[in-house]
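Here's the structure we're looking at; comments come further down.
Read from first to last, the chains carry the letters A, B, C and D; within each, the first residue is number 1.
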Amino acid sequence: FRRTQSLHGPSPVTTFGPKACMLKNPKAVMHIQDPASQRLTWNKPPKSVLVIKKIQDVSLLQPFKELCIFLTEQKKMIVYVERKVLEDPAIANDESFVAVKKNFCTFREDFDDISNRVDFIICLGGDGTLLYASSLFQESVPPVMAFHLGSLGFLTPFNFDTYQSQVTQVIEGNAAIILRSRLKVKVVKESREKTKTKDKNLIITNGEAEATRKTMQYQVLNEVVVDRGPSSYLSNVDLFLDGHLITTVQGDGVIVSTPTGSTAYAVAAGASMIHPNVPAILITPICPHSLSFRPIVVPAGVELKIMLSREARNNAWVSFDGRKRQEIGHGDSITITTSCFPVPSICFRDPVNDWFESLAQCLHWNVRKKQSHLSSEEEEEEF
Amino acid sequence: FRRTQSLHGPSPVTTFGPKACMLKNPKAVMHIQDPASQRLTWNKPPKSVLVIKKIQDVSLLQPFKELCIFLTEQKKMIVYVERKVLEDPAIANDESFVAVKKNFCTFREDFDDISNRVDFIICLGGDGTLLYASSLFQESVPPVMAFHLGSLGFLTPFNFDTYQSQVTQVIEGNAAIILRSRLKVKVVKESREKTKTKDKNLIITNGEAEATRKTMQYQVLNEVVVDRGPSSYLSNVDLFLDGHLITTVQGDGVIVSTPTGSTAYAVAAGASMIHPNVPAILITPICPHSLSFRPIVVPAGVELKIMLSREARNNAWVSFDGRKRQEIGHGDSITITTSCFPVPSICFRDPVNDWFESLAQCLHWNVRKKQSHLSSEEEEEEF
Amino acid sequence: FRRTQSLHGPSPVTTFGPKACMLKNPKAVMHIQDPASQRLTWNKPPKSVLVIKKIQDVSLLQPFKELCIFLTEQKKMIVYVERKVLEDPAIANDESFVAVKKNFCTFREDFDDISNRVDFIICLGGDGTLLYASSLFQESVPPVMAFHLGSLGFLTPFNFDTYQSQVTQVIEGNAAIILRSRLKVKVVKESREKTKTKDKNLIITNGEAEATRKTMQYQVLNEVVVDRGPSSYLSNVDLFLDGHLITTVQGDGVIVSTPTGSTAYAVAAGASMIHPNVPAILITPICPHSLSFRPIVVPAGVELKIMLSREARNNAWVSFDGRKRQEIGHGDSITITTSCFPVPSICFRDPVNDWFESLAQCLHWNVRKKQSHLSSEEEEEEF
Amino acid sequence: FRRTQSLHGPSPVTTFGPKACMLKNPKAVMHIQDPASQRLTWNKPPKSVLVIKKIQDVSLLQPFKELCIFLTEQKKMIVYVERKVLEDPAIANDESFVAVKKNFCTFREDFDDISNRVDFIICLGGDGTLLYASSLFQESVPPVMAFHLGSLGFLTPFNFDTYQSQVTQVIEGNAAIILRSRLKVKVVKESREKTKTKDKNLIITNGEAEATRKTMQYQVLNEVVVDRGPSSYLSNVDLFLDGHLITTVQGDGVIVSTPTGSTAYAVAAGASMIHPNVPAILITPICPHSLSFRPIVVPAGVELKIMLSREARNNAWVSFDGRKRQEIGHGDSITITTSCFPVPSICFRDPVNDWFESLAQCLHWNVRKKQSHLSSEEEEEEF
């Protein structure tokens, strides 16, 4: 099947009737490669590969070892593995594996930065392995190839059975990719701990107010969740879009998702599902107080900001792809935009087929029992 | 407020780790003007203006006359009006209006083609006026400025009170626009009436099979609806995407919407609401038999096709922006893609503010009663 | 498992603190047999059995014949069958069946009243067979035993494989039953056809106003649906409860369901599912214009009335269990209350187990793929 | 308006066709007073009244004082007030109030049991005051009259403006009441703290296993919520009904509500709203993983049990009307049935009108903007 138009949609005609047209503004023009035609290529042959394995899953041990042997011995690649993976007794005590792992490069999360040393990533396990891989690369992400062992995941399209030929093809540069957009999240926190010392220093130092702030930044593949945490009270947060207060969320919380994340927590909270090639951000309230608070989909380029409402009686909690959970108090802010560092995820077939396959497999989307009956309507004369 | 990035989202970085990058394919690159910076300009001053008035609404008569006098006498424009608007007795019998309307150009829907003669469109009334305007222009659409009289509509952002200055500004070329994407819909019908003669002619004429087909084309601003029509039976239609069968819809029907249409019928059927600048198509089942059949949002560039399922026991019905309702039988097909002829709709403020304003006004989106209580959770100690 | 309290719920204590209590009102006391203990008994041995078979389903022919032979020859019962069932060529031309069907009593729907001649009903096929059985008995309904052939239905709990022992047990009076409440619906139509002659007759005849009304009554097992029929316009109907206007429904329509009907059309329109032993009526809007129009569950004893709103621009359509579809104009009314003639449906196990079994089988209710992941949240440390 | 049938619904006819009927079982018959006719009466004139005031709300101070003066001086009643209400400086320091409060009976929550000393309860404030009142009475609850000050609540139907005549009427025994069912909840916890000593004692003491369990009981007016608490992991709990495993809830949690609670947290999580006179229990998943996990309504008489699933990786948290939040570990159980101690809540008008009034006021249920348009469908010819 050959596409006759871009997956993104056709360029709109910009003359409107006989006399009007769009004002040209060359500075504001974007150049976008058709998502349907996005393919991987290598500037130089990949030499290093990061292998991520879901831990505490015995069924993955054998595939992991096989894969590592294949990569080191046949493909002559340098394998990067997190140190704690090798500390698993089943691996640590496997004498036959000693020779193999001798050549591994190991690293520790939050200690060792491998972001510029890895050419290629292979994931073994569930969708969480890809979220973890994403978290390791706060800027450019190497191509990711993700294998599910048991059942297909949204982010793990490859079956392990034929891993050798599949990996070989990718290394040779023969692969369709989908750029999964991420969210760039900036959390600014007022350092309440220092409030007391602050008064003392205030006279001496200019910019002290600035100095007592703490800023953190995250790249998020699925979603940012702001919720009530352990509290029984409703959370109460203000949502700003491009600097304007859009609405106040009163309820269990709010989810800001990428299209990739639309099939994760957001769909459970009632959102529609968005194909990862749609440039958009999805905002979904969690159990909102207001019955009319439907999820909304906004353009990828907006800047969102979330802060506690003035009337909020308790703090909120935020997490990023389910990690780094932390409390948010009055004055703190969470700023969210689409990142320019997507995750280049290697497709099993193509972005469209892979997505519909995962909807059916992971969410039973419209999987029906052919013979069943909704109502008598089907049956008027033929019951 | 100045945007620092495109509303569409940032261009993704296309190098992935130290060695990988996206394969360049210059033919598949699109050039997109940032939606946030889209403004109207005129090659030549507009001379002709089509005025569309909701009929059977007495409250619109006076504004309509005022506007026409303003346009003809002060702006020296040629006013186009549909003939049946002038046949309204309140206008036909108004002697003071005779001189004004003498200079009007009149036309009849489906008889007179005015698509190349109108420089500018002004709508008075509800969202339906804009849908009607859209239906008159199957290709390029002149800029549309839409006034609501009573309450704000999704497609009618302007208040009539200050129409003179507002219209003047637009004519002078000072206006933000939003390109509302439309769907190009092709309906192919097997001419069942000719089936009997077909056999006879089959020997003689080549291409006869082709000749017995009837093809219609529509430009749709809100949505294509396929439903069970007057039947009590469930409808049963197959949905294809880029030539592959994606799913079968069993239920009251299915809605294929533009983002503009997401706040119309689709939201009533449970969909999330999509900002009109998101390049996407929304597919929403109507009362689906399957509980897991959630709405989906797909990239604007896909080609959808809807056909009756083989097992369907009754025909379906299709309508386009609520018009041209017709029956669809076995073998007929409805093909839907994003059109390259959007409706350039003039913004009151800007695409983002106008949209959130209309969500609040038209759908009471998250409009809350501040004092009310969801549950006791709010109250643990302070009931 | 033995219940220690009524399925209906405990009788509330009616003294409130040291000095208050409920005012006794013996006339307003109801006596309700615990639904969990409802069992069938026979005053006299059943002699006549109505067999209802889904037509146009070849797979049912053999079971139907077997069952009829078993009932006539072994159980010595008189079998009632609708005439059109026997007109099916596969039955009409089966010479081996001639002797059996010679002894059948046949009837035609809407012509022959069998409501006082049938002791027992057996259904073969889908849920529609039970809806059809219900429609034949406008007052007391004989016990119904319903077999599914392929897949379990909400109303057809029995598997045909062991039909002989199952039927024998029921005939011997050994069966739990569930009383499925029905709705009593009265439609009053103004006879608009006679309006012209009415003026002429008005002087002569008293009660003429009455005479020009047409009243119909229906017993409904699943639901009454009021919708927009073939129209593209929204329907606009007023909903009254015990004589008070409760709300106006603007949308595709409204469904008034029994708990039995909650798992049919209502669930597709977004309602919660109600166990058939809950004495309630479910009101569900179909694609309502208003985002806050959530379905409601009201006590079984209320009287609902539906009429076209004054501002409605087009007629509505009503159907009863998907049948008898008819137009409703201005001034017509549909009055709905819980009927005192339920359908006594024989349970396969008991009312609670049968219901949960059918939720899983028919609606895949919360049928999950154990291994799949909602989001990264599951995975914080163990991806 | 006079009801012609019970609000509960008509007693079903229990003969089924010519020969069948329901097996009589006098022991399993319940006698239920028609909810529509339930009225309050006094065995003796009420002498003591508990006044509950939402704390930290200045606007309530003046009404509270007025009411107390009215009750003590004019009605000669003994006023019970919680001690911390009087500790509010605005009351403690009000010298004009000293004489009045001298005669109050004060109590402290969880220390003083007033459950047999109060004849009547008056609430001032939001719905939380009634939930608090409910929590004070674990068995029979005195009649409750609840005033809202600002805006109507679900549980606070009375306007304070005419409080004198309203209170007088109730004291004189002239009041319709609605019995709001409560849930009786039993939490059984394995005392994990004692596990170590348990081994040692096991030989010596019989019944020790029993002794290490801790049982708590609660009466709940709105809902029991089981959720993931501060954890980012999904909760994973098993739901049993009458001893059978019905389903496993994987998601943010599950809500078990009374009909009264259906309009609180449950509706925010997507449930239908149930009138408080329907004898039922509502089970609503919170953001369930499975798209098909719709809320269900079961008969009031069932017994539910919730336990952590075997595969659950983290503990769950439970709360009761938003209070007494506590952790639930493996082996702990939460058993829920309908209580026989309802809250007798005094109606402003009657159970039906009060409910629909609160739906509109508190949830904007189907409150519509008359002029707005869902879609073009309304407009075919008349845009």
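Structural remarks
Just so we're on the same page, a residue touches a chain if its C-beta (ideal position, glycine included) is under 8 Å from a C-beta of that chain, and two chains touch if they have at least 3 such contacts.
Bear in mind the structure is a predicted one, so any value in this text is a computation, not a measurement.
For B-D, the matching interface among the pairs A-D, C-D or A-C, defined by over half of the contact pairs being the same residue numbers, is A-C. The interface with the greater number of C-beta contacts, when A-B is set against B-C, is A-B. For this pair, chain B with chain C, the centres built from the Cα atoms lie 41 Å apart. The distance from the centre of chain A to the centre of chain B, each centre being the mean of the chain's C-alpha atoms, comes to 32 Å. The residues of chain C that reach two or more other chains are 232, 251, 265, 267-268, 288-292, 294, 319, 322-323, 363-365, 367, 372, 374-375, 377-378, 380, listed in rising order.
In the complex of the two chains, the chain A residues touching chain C come out as 52, 54-57, 125-129, 131-132, 150-151, 153, 222-223, 261, 264-265, 268, 290-292, 294, 319, 321-323, 361-362, 364, 367, 369, 371-383. Partner chain C is touched in their complex by these residues of chain B: 229-230, 232, 251-252, 265, 267-270, 286-292, 317, 319, 322-323, 325, 363-365.
Contact residues of chain B toward chain A in the complex are 1, 3, 5-25, 28-47, 116-120, 137, 139-143, 177, 179, 181, 232-234, 241-244, 246-251, 259, 262, 267, 271-275, 277-280, 282, 284-285, 288-290, 292-303, 313, 337-342, 344, 352-353, 356, 359, 363-368, 372, 374-375, 377-378, 380.
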